[in-house]
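One structure is given here, and the rest of the page talks about it.
Chain naming follows the written order as A, B, C and D, and within any one chain the residues start at number 1.
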Amino acid sequence: MFSYIRKALSAAVALGATIAFALSAALPAQAATAYVPISGAGSSWSANAVEQWRTNVQQYGMRVNFASTGSSDGRNQFRNGTVDYAVSEIPYGLKDGSVVDSPPANRPFAYMPIVAGGTAMMYNLTSGGKQITNLRLSGEVITKIFTGVITKWDDAAIKADNPSISLPSRKIVPVVRSDGSGSTAQFTAWMAAKYGSLWGAYCNAAGRGSGCGLTSNFPVVAGKGFVAQPNSTGVAGYVQQRANDGTITYVEYSYALNAGFPVAKVLNKAGYYVEPTAQNVAVGLLGAKINADLTSNLTGVYDNADPRAYPMSSYSYMIVPKTNANNFTNDKGKTLGAFANYFLCEGQQQAPALGYSPLPINLVKSGFDQIKKIPGASSVTLDLKKCNNPTFSADGSNTLAKNAPQPADCDKKGSTQCASGTGGSAGAGSNGGTSAGGTTTGGTDATGGAGASGNSISGPMSCNADTGQCVAVTADAVKISAEPSWTVGNTIMAAAVLLLIMIVLLPPVLSRVLKRK
Amino acid sequence: MTNLTMDNFSAAPVQPQGVLADLDARNVSAWFGDHKVLDRVSLLMPKGQVTALIGPSGCGKSTFLRTLNRMHELVPSASFAGEVLLDGSDIYDPSRRITEARRHIGMVFQKPNPFPAMSIADNVTAGLTLTGLKVNKSDAADLIEECLTKAGLWKEVKDRLGQPGGGLSGGQQQRLCIARSLAVKPRVLLMDEPCSALDPTSTRRIEQTITELASEVTIVIVTHNMQQAARVSNKCAFFLAEAGTPGVIVEQGDTTQIFEKPIDDRTNDYVNGRFG
Amino acid sequence: MTVFDTPIVNEESALADAAAHEPPTQEIHHDVPRKIHVMRVSDVLSISGAVAAALAMTTLIFTMLAPVGGIVGFLVVAYILFLVTYAILVSFDETWPIVRDRVFSVAVHTLAIIVFATLVFVVAFSISRGLDALPHLNFFTEDMSLAGPLDPLTKGGVIHAIVGSLIQIGIALAITIPLGLTTAVFLNEVPGPFSRFVRTIVEAMTALPSIVAGLFIYATFILILGLDKSGFAASLAISVMMLPIMIRASDVVLRLVPSTLKEASIGLGADNFRTMWKVTLPTARSGLVTAIILATARGIGETSPVLLTSGFTAAFNADPFHGPMVSLPLAVFQFVKSPEPSMIARGFGTAAVLMLLVLILFVIARMIGGETVAKREKRAQTRRRLWGAIVSAAGPGSALLGRGIARIGSRLPGGQARAAQEKLRSQISHVAKEAK
Amino acid sequence: MTIDTPRKLTGVRDRVDLIYRGVTRSGGIIVLVIMLAIGVFLGLRASQAISADGFEFFWQQAWEPDAGKFGIAAVLIGTILIAIVAVSLALPMALGTSLYISEYAPLRLKKTLIGLVDLMAAIPSVVYGLWGFFALQGSIVPIAKWISQNFGWIPIFAVDGYDPNDPLSTTTVFTSSTFVAGIVVALMITPIMTSIMREVFSQSPIGEREGALGLGATRWGMIRSVVLPFGVGGIIGGTMLGLGRALGETIAVYMIISPVFVIQPHILQNGASSISSLIALKYGEASAFGMSALMAAGLTLFVVTLIVNFGASAIVARSRSGASS
């Protein structure tokens, strides 16, 4: 009798397996081309791009798996030989804390740049019930905010950056990543390079010993009021919550775009406050010095003197194997090579839409050299002429950077300030459904070019477009705290209220009714 | 959805406890789900007397007994019809509290069920605490002694009143349960085969207790034991449920009459041990 | 029992006997069940009055005196006031124990409603956030291999995760059910210091944090043995986590099978194996199903062990031994990391699918566990036949056994659903003395 | 029969029986080997960190294994605090729900509710985490604020850095706290506690229930005097089991708390810590030594949960309602 259980269970398993195989048979056969599946792991910073490319190459019969578990995990896994490739923002061999992240001993590898992007400062700040969308910050102020030196939004240093905004005397709540991440690594690398003493002092206070330079784990000093959340969604989601007024975080540009939130314009060497749009990042990265192994020295980016350059720009790399160690095969190499060929050229088309910046031609060329080092990838035809990369031009210059618009005058450091919204709050209504609502300020689209210039201004307090003079706070026309638009969250809250009312009303009534039974 | 009745608390007579009272069941029917187990049974249980309910298994006498203090309705799906009058007022009246009915009409169960976690003394006063009656310490001590004496248990347990009630023997436990029921001063005491789980000595002890109590409280006892019914009761009712029909009272009357010259042949057969 | 051959009683004559003292009221009495528990006007009034008073007072407090703020605070204050008012109103015409009874009854109902309302809220939240994704049929029939972050919800789905979850939990169950049951049987059948030691260790392991189970498989199978991350590795990690829960729950269930049953079987000359197979396990059946359900519930929804072991893929993979295989909780975890709103909607939709899947699995398990009336009746018949034999063979004095069997269902944790019915039955038998 | 010594009872064992015993025993052995392997694995991996750290491991609050400064003082206390908040919220809820199902619910509803409780136990923790982060946190902040304003004089409810008189004061200090994580964990452990308690309550003897009611007790009086005393073992056992699960909860806590590595006794204040979420956070990028430190933390959690579990089974086994966990 008891065997029923087992029979039934085995039947259930068998049934499940049958369905599974039936379904797999029903899916389009992929055996036509000789690509074998490959798996990788790593950066969640560039995951969005890798995910999109992975999807696009499916049509060529390539199956590429990618787990966005974080750069450090990707490097660890590549070292352990559990993945075929890894994606990381930082190379091996850097000292994080006091530990050197040693390269894999038995697995020769090469770095291949895959996509560029800017680290955006997403914030949630209201003044007088209206959301501030045109905040500007200098590098030093950012560093001071994230090292707990500046703690109030109306700090004189922030005021100096924002002459036209009446800043509230609200506490600044920096939101950092609680897990190890490439975003943190890039951000801290920038702080360590530019404001080493501030960052070093903070790191010491957090117990990291003698400064910490670049680190994947943002050290949190207890009692400073920092909030740590896991993943980009965690930090972006936290900043996004309406009640969390006064928060600021470093996150990939696309999160701010999709969350419908503004990002701070960051002061560059030329004295302009710029947004991490694809073009500005591309311009900024023109200053990168490429090392022999294709890792880059970003000091030139941080100090790029072009007025359009976004200083916190960087690359993400793919770490690819050069030998067939750890279950890697020539067949896998062929897939990886073809995949790399795709994303270095065609795939870069989609980078701006995803919130990244496409790679310039020099890096694509070097990338091609790296592809050749992948065992089995030799059969992949690499042709720069057929490479449909949006940055390429006939004369070899970076189209994107060349065509990047100059910043508006009102973005220049000084007594004036552009009124247009930035980041996700620039594209009005394009992000419906998120809790913040849109804005009435101008903006062309939500894909990165928005708000890049100061010529689309239509705030509640108008600015003189000719002179770039703006006189008042630019704020969201939607009153955030007073009359929020009706969202799913509100529906749920209403449901909760209903349920709670039921809690009050139902029990006695029920008890009566049930007692009769 | 619900029937509303005007409640009328003044109509609910506040009866003194401990005063003898008649219990009069009129046209009592009972169901478990769709299954009818009692069909319009009427029986007067006169004050100060012991009424024995006899009959074969499954004839509904226990169910009848449980309708007398509203224990029947504890079984989900159970339903009831008729009236049970305590001193002329219906205990099923919506304006009367169910707990009050049960306090006036106590019950001793087939299996002794003292509260094992409570001491003997606490077991006796459990009814008071449960119904929210406050007694001061000395009164409580008197009450415990009185009830245990009435139940014939005092001599055996007076030195260990603080020990748990679960530690007593079966017969002692049952007498503890009787004492517990007496402590709330019921006007009627229902006993559901109180001796069926006990040895002959304990049984005799309890029968003796019943006889002694009869003058203070109206007693209704269900028993399978003909001799017991003959020994302890003044009045007898013979229940019978034949071949799937609900239980009815075939014959009732004075115990001597029922046992010596029953009118109905079936009663005669039963009391003489010819069936059941 | 004697067969009773006398003619059917003439009710009227019986009643006539009975009604010696009674006025002829039976014409008035229609023999229909009486409504005993009626709601009284005063009850309704006290409740509605308490509600009204509480709302009014709270509004007053919140608008005039102290703006404590928040709808939740309002409701909390209102509820407390309601309880107090209600207690006062009831105490006007009831005694103290009854007041307490009423108040606690309300409190118990409230707590139960809070718990179930929260459940509804959690489920409704996932569904409402996933509502953008759920109505698309492709969400249930496609995998994510052709849907990137920029693709609309009309492309891509989670069939790969559904199948992955089923395969992983299937393999895990295929490992844990035999192994877990064997061990539970061992703990019960072969007592001694060794089995006590095993039991101690197993009980200890129920405390294993699930992420450690994942780390263990990752370190042994993937790093040391050099195997790929795969569905099978994930199944092993889930198995490690489920095994102690399974063993512990079924051990308790088996221990609750009364020894009289086993003795009866052994007394008939059956060997231990047959006794276990034919007597103990079937008796404990529904309890064992609950053990399996408990373990499955834990295993299917855990993210942390599969996070390290299964790898991640967006493509359909029904082969548990090669290549990464994604399961539903992991898919949720990955989806909600994405910045794209469509991916987040997919994440919540996947969570809803996971809950639905769990629900379906439970229903199936309960069906196998035998909850349908027809099945139960059939099984009961078989059991009765089996037990009739044993009981009659075991001789007099074992009559209690039959009842023991009838009641065992209600003893076992798994008899949960059945328990109520069994209880009813036993209560009836208790009351009506229907036992032999 | 002159010598009265016990006779050895031996008999020829059936072959089936021998095989049967062999098979079950080998099942036990396999399980034992697996379980011991995990224990040994944990111990071995942890030993490196513990031996390097020494006793420092137990009272150091920071978690910087690569800087040589790490200890479980803060995370362990954080874990326990979350578990305590969770259990103190889950206990009344589970008690109420189980009493409702076993004592108040009508027969037909009962079945459904039992199924619902089972289903609730199976809602994946990532869903609870998402719900806690996106839906609960925002609505719970006013309550946390209210508690801290009115009961702030009790140290654990105190919150630094919030000035109720300053309208611009952010409420972020009330987010990502032990309290919020505790609520979510409470919801996750309520079902399992409910199902254990309900099981025990439903077994409380009918005789005693009727005895109490027969004396004129109200339903609550009966519950107080019979059901609860009988079920006390189940209540404690269920609670301890819930506590065990609360201590080990990973993903939901991970998604909610803002980890801090100092002892944070203010449960309403931003910042909390838990061992299992620490492992989930750090395993990815941990160095070999960092991994060993994480394993040591895991081992500590394991030992703590072990103690709780053993406590539970000891108490439950001694109570009247018996081994019903």
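The rule is simple: a contact is a pair of C-beta atoms (placed from the backbone, for glycine too) under 8 Å apart; a residue touches a chain by one contact, two chains touch by 3 or more.
All values derive from a computational prediction rather than experimental measurement.
Comparing the chain pairs B-D and C-D, the larger number of C-beta pairs in contact belongs to C-D. Using the average of C-alpha coordinates as each chain's centre, B ends up farthest from chain D.
Work out the mean CA point of chain B and of chain D, and you get 47 Å between them. Chain geometry summary: the mean Cα position of chain C and that of chain D are 18 Å apart.
Chain centres here are Cα averages; for chain A and chain B they lie 79 Å apart. Annotation: 40 Å between the Cα-based centres of chain B and chain C.
Shown for chain D are the residues in touch with two or more other chains, namely 104-107, 134-135, 139, 217-218, 221.
Counting only residues that touch two or more partner chains, chain A has 69, 492-493, 496, 511-513, 516-517. Each of the following residues of chain B touches two or more other chains: 2, 76-77, 99, 130-131. Per the touch definition, chain D reaches chain B in the complex via residues 106-107, 205, 207-208, 210-218, 221-222, 225-226, 229, 320. Interface of chain C with chain B (complex): residues 2, 4, 6, 8-9, 11, 14-15, 17-22, 25-26, 29, 31-42, 44, 93-98, 100, 420, 424, 427-428, 431-435. Across the complex, chain A meets chain C through its residues 1-2, 4-6, 8-10, 12-13, 16-17, 19-21, 23-24, 27, 37, 39, 41, 44, 47-48, 51-56, 58-59, 63, 65-69, 80-82, 231-233, 236, 252, 254-255, 257-259, 327, 350, 353-355, 431, 433-434, 488, 491-493, 495-497, 499-513, 515-517. Residues 35-39, 43-44, 47, 50-51, 54, 71-72, 75, 78-79, 82, 86, 105-106, 109-110, 113-114, 117, 120-121, 124-125, 128-129, 131, 143-151, 159, 163, 166-167, 170-171, 173-174, 177-178, 222-223, 226, 228-229, 277-278, 281-282, 285, 288-289, 292, 307, 311-318, 323-324, 334, 336-341, 344, 364, 368-369, 379, 382 of chain C touch chain A in their complex. Residues 69-73, 76, 96-99, 101, 168-171, 173, 178-180, 207-209, 216-217, 219-220, 222-223, 225-230, 234, 237-238, 241-247, 489, 492-493, 496, 511, 514, 517 of chain A are the ones that touch chain D when the two sit in their complex.
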